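Please go over the structures that come below.
Here chain A shows up in two complexes: once beside chain B, once beside chain C.
Right after this comes the complex of A and B.
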C-alpha cells in the first residue's frame, strides 16, 4: 500500500513554474489537437488556397528556395484566419464551464495556466499546418530530391511559423477582452487589412512593411519568394528587415501574453 | 409563457439568451461599412472607389458579419436538454438566428437606400439592387455558416471556413469566374465583376438555392438535437 501511494514525481505545488507550465501545455495540447474542427478548418483552408496556387506557374520552378517560399506563401495566406477562429474560444473556456474557482484553489497559478494554454493550444492548432507541410515536402522531395527538405524546414520556420505564433498568442489573450465572436470577425478584418490591402488602395496599412504577419519579408530576403505588397511599396527586403519582421511578430506575441498575465493576476489576486 | 409561440416575452427571453455579442457583431459590419462609405463620400473619394466600397459593404462585409454572428449562437445552451423537453430545439435555434439576421438585413437594406441616394452604387445595378446585391450572398453565407456550425458543433469552425471561403473567392476570383459552376456561386458578381445579364440572373438564383438547401440540411441535422447535450463545442 505504501508503495502504491508513493509518488514518483513531486506534487504540483512543490514543482517549479516551468514544470507547471509544461503540465498545463501538455493538457491543453491534447485537448485542442483532438478537436475535429481544428483539423477540418486548418486543413480545409490550406487545401482551398492550394487548389489554385498563386502566383500561377511557380509550381514548375526548379529553384528550390523560390519554390518552397511560394508554397509557404500559399499556406499562410488563409489558414491564420482558421487558426484564430478555432483558438478564440479557449480564452474564456474555464469561465464558461464555471471552473475558475476550482482552478484558483489549485497550486498552479494564473501564469502557468495562461502560458500553458498559449503554448499547448497554439502548438496543437499549428500541428495540422505542420502535418500538411510535411506532406508537401514529401511530394516535393519525390519530384526534386532530398535537397528540398532543409530548405523546406527553414522556410516553414521563417515564413509560416512567426505569423502563426503571433496569431495564436493574440487568439488566446484578446478574447478575454472582446469575447470570441467579436474577436473572430476582428482577426479576419485584421488579416485582410494588415496583410492583403496593399498601399495601392490608399488606406494606411502594415501590409508590405516588416510589420505584416504574412511572411513576405523573410520569403523575399532569404528565399527569393514572390513579393506582393512590398513590391507595391518599391521595397526589396534585406536580411536585416526579415529579422526585424520575425522579431516584431515574436515580441508582439510575448508582449500580448505578458500584458494578459498581468491583467488577469491583478483581477484575481489570489 | 408558451415556449412554442413567439410572443414578445419569448422573443425578449431569447434575445437575453443570445447575449449582446452576436447582434453587435452583425450590426457592426453593416453599420461600420455605412460609416466608411459616408466618410469616403464626405472626404471626396473618387466615384469608382466609392462605388466599389458601397458594393463591398453590401455584398461582402454585411453578409459575412451576419453569418459569423449567426453561427456564434450554436452550442450556447448549457442546459440544452431542458430546452428540448419543452420545445423543438430546431425551432428555438432558427428563432435565435432570425433575431440576429433580421435586424442586420433591415439595416443593410437601409444602407443600400442611403448608398444609392449618395450616388455610391455598384455600376449597372438598378432598383432591384436594393435587395439583390446583398440578400443572396447573405442567405448563402448565413445558411452555410449555420450548417457548418451545427454539423461540426463548432461556431469557430464555421467562422474559419466561411471567412476563408469568402476571402478565397476574392483572392481566386479569376479561377472562380472561369468555372461555370463556381461562377454561379460567386458572392460579388455585379459588384467587382461585370458579366452578361443572364449570368447575373443565374448567380442571383443559384446563391439562394444553395442557401435554402443548406438551411434544409441544417434542419435535418437538428432533428438529432441530442448531439448538443452535455458536451463542449467540438
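Right after this comes the complex of A and C.
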C-alpha cells in the first residue's frame, strides 16, 4: 500500500517552547479579539466612566501630564472589571469544548498553552482599551498638539497597563479554581474594595497604598495626576513608590501564572 | 519511517480510588497496519487509547515504544510528537476556520517551520476533502466535516502510530465509507488503532483485532480467527415454526415472507429444525461477549499477529 502523505521531517517534542507559546498566544488573541462581548463590555465601562470625567474640570487643564494622567485614571477606574469578566471563561474553555484530550495528546505541555492564553487572550482584551486610548490621544493631539503623544504613551504604560496585566493574569488562572461566575463576582468585589473604597470608610484596604491596581502612585509621582485615596492616607507618592507599585502588580501577575502552571502540571502529570 | 514497536505490559488503570478497574492487566503488542479495537461501551477502549497517547497515566504496568518505556514526561512527549490521536469526544475551537485550527495544532505538534507547516496543512485538507471549505469557521461544519478536521489534525505530524476512537459515530453511511477508506489508505507502513463498536468497520478495514471486555483482553489475533470462534455455533431459526429459546444471544433478526428468521449463537442445536450456518466475525464477537466461545485468551506480549 502506498503512503498518502508527503513525508516530513519528524517534529520533535523539545523544539520551540517559545514558538509554541507565541503560536498559542496568536490564536488565543485571534479568538478573543473577535468576541463582540470583549468590545462591548470593556468600551462600555470606559464610556460609562468617561461620560462625566472625574475630577470635574481637569479636562480644561493645559498641563499635559496632569491632563493625560487624569484621563488615564478615568480609563482604568472601571474597565478592569470588564476585562476580568470577559477573560474569566477562558480558563476552563478547553474543558468545556472537550479539547483537553486533543491538546494533551500533542507534544506541547501545559506551560506554553497557559502562557500563550495569558498573553494572547489578555492582549486581546486590552486591545479595546488601547484602541480607545489611541482615539483619545488623537482627540487631545488635535486640541493640544503632538506633545500629548509621548506623554500619553508613557501614561498608558505606567498607569493603565500594570493594573490590566495584573487583572488579566488573575482572570486566566483563578477561574480554574473558582469557575467563571464566582470569579466575576470576586473581581467586581475586589476592584471596588481594593481600589475604590478608601481609608475614609474605616475598613482595611489596599486602596491608597502602593499595592492598589488603579495606577494612582505612578499617576501622582510622574504625571502630577490627581490623588484620591493616597492623599487621604497623607501620602504623596515618590518615584520609588511608583516603581514599587508597578513592580508589585507585575510580579503578582507573574507569580499567579507560575503557581497556576505548577498546579496544573501536578494535576496532569501525563 | 517505520511503524513503532508498541508493547503493552500488564496495564492497569483504576478510577474512584481503585473501586473501578477500567483496565485490568492488559498485555499485548500492536502489529503494523490497521488494528481494530472492539468491545462494548464501557469496556475500557477509550481508557486504553488515552493511556497509549499519554493523556492518562496507568496505575501500574507499562507502555513501551521501540523498547523504551514511557516512564518520563520527556519520553512521553517525544512519542506524542510522532503519534496522532482522534479522540471520541472531539472538540474544536468553533471560532477558528479549519485552516487556522490545523495550523494551530501543527504548531502544538512541533511543526514550527512556517513554510512546511502551511504546505502540510494544505496537504491534509486536500486529503480529507476540506480544501474548498477550509476558510469557513468550524462552528458551521456538519458532524462529518468536523470528524474530517479531527482526522486531519491527527495526521498533521505524519504519525507512526495513529489512534482513532470511534471515528464513524454519528456519520451518515457515505461518510462512514469514506472515512474507512481514508483510514485504510493511511495505514500503509504505520500502525493505526481503530476503536469502534461497529464490527463491520473492523471487518472491512482491519486484518487484526483486539477485543476488550471489562478492562481485559478477551481476544487478540487475526480477524478471521474471531469468526472461527463461533464456527459450528451459529443457527437460523424461523418463527412462527420455531421461536428462539429465551436467553440465547441473537445476532440479528430478519423479517421474511415465511416468517421472522433469528440468527442465534448456541453451542448446541437450539431446536430440532434449527439450521446451522457459517459464522461471521460479528458472530464470533457476540459469542465472545456472551461467553459462548470455547475459550477466552489472554496472550502475553510476545504474541504478535500480522
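Quick note on the criterion: the second predicted complex is superposed on the first by the 256 of 270 C-alpha atoms of A that agree within 3 Å, B and C clash if a C-alpha of one lies under 4 Å from a C-alpha of the other, contacts with A are read in each partner's own complex, and residues count from 1 in each chain.
In this section, a residue touches a chain if its C-beta (ideal position, glycine included) is under 8 Å from a C-beta of that chain, and two chains touch if they have at least 3 such contacts.
Here the structure is a predicted model, which means the values were calculated and not measured.
S.K.: Scan A:108 for contacts with chain B and chain C and give back first, second, both or neither.
M.R.: Once the two structures are laid over each other on A, A:108 reaches chain C alone.
S.K.: With the two structures laid over each other on chain A, which partner does A:182 touch: chain B (first), chain C (second), both, or neither?
M.R.: Once the two structures are laid over each other on A, A:182 reaches chain B alone.
S.K.: With the two structures laid over each other on chain A, which partner does A:99 touch: chain B (first), chain C (second), both, or neither?
M.R.: second
S.K.: In the superposed arrangement, which partner chain does A:24 touch: chain B (first), chain C (second), both, or neither?
M.R.: second
S.K.: List the residues of chain A that touch chain B in one complex and chain C in the other.
M.R.: Overlap of chain B and chain C footprints on chain A: residues 35, 97.
S.K.: Along chain B, where are the residues that touch chain A in the complex?
M.R.: 21-22, 24-25, 28-29, 49, 64-65, 68-69, 72, 152-157, 159-161, 163-165, 167-168, 171-172, 175, 232-234
S.K.: Inside the complex, what are the residues of chain A that reach chain C?
M.R.: 1-16, 19-20, 23-24, 27, 30-31, 34-35, 94, 97-109, 112-113, 269-270
S.K.: Applying the document's contact rule, which stretches of chain C touch chain A when the two form their complex?
M.R.: 1, 50, 53-57, 73-74, 76-78, 80-83, 85, 87, 89-96, 100, 104-105, 107-112, 116, 119-120, 123-124, 127, 153, 155, 157-158, 184-189
S.K.: Could you pull out which chain A residues touch chain B in their complex?
M.R.: 35-37, 40-42, 44-45, 48-49, 51-52, 54, 77-79, 81-89, 93, 97, 179-182, 184-185, 188, 191-192, 196, 202
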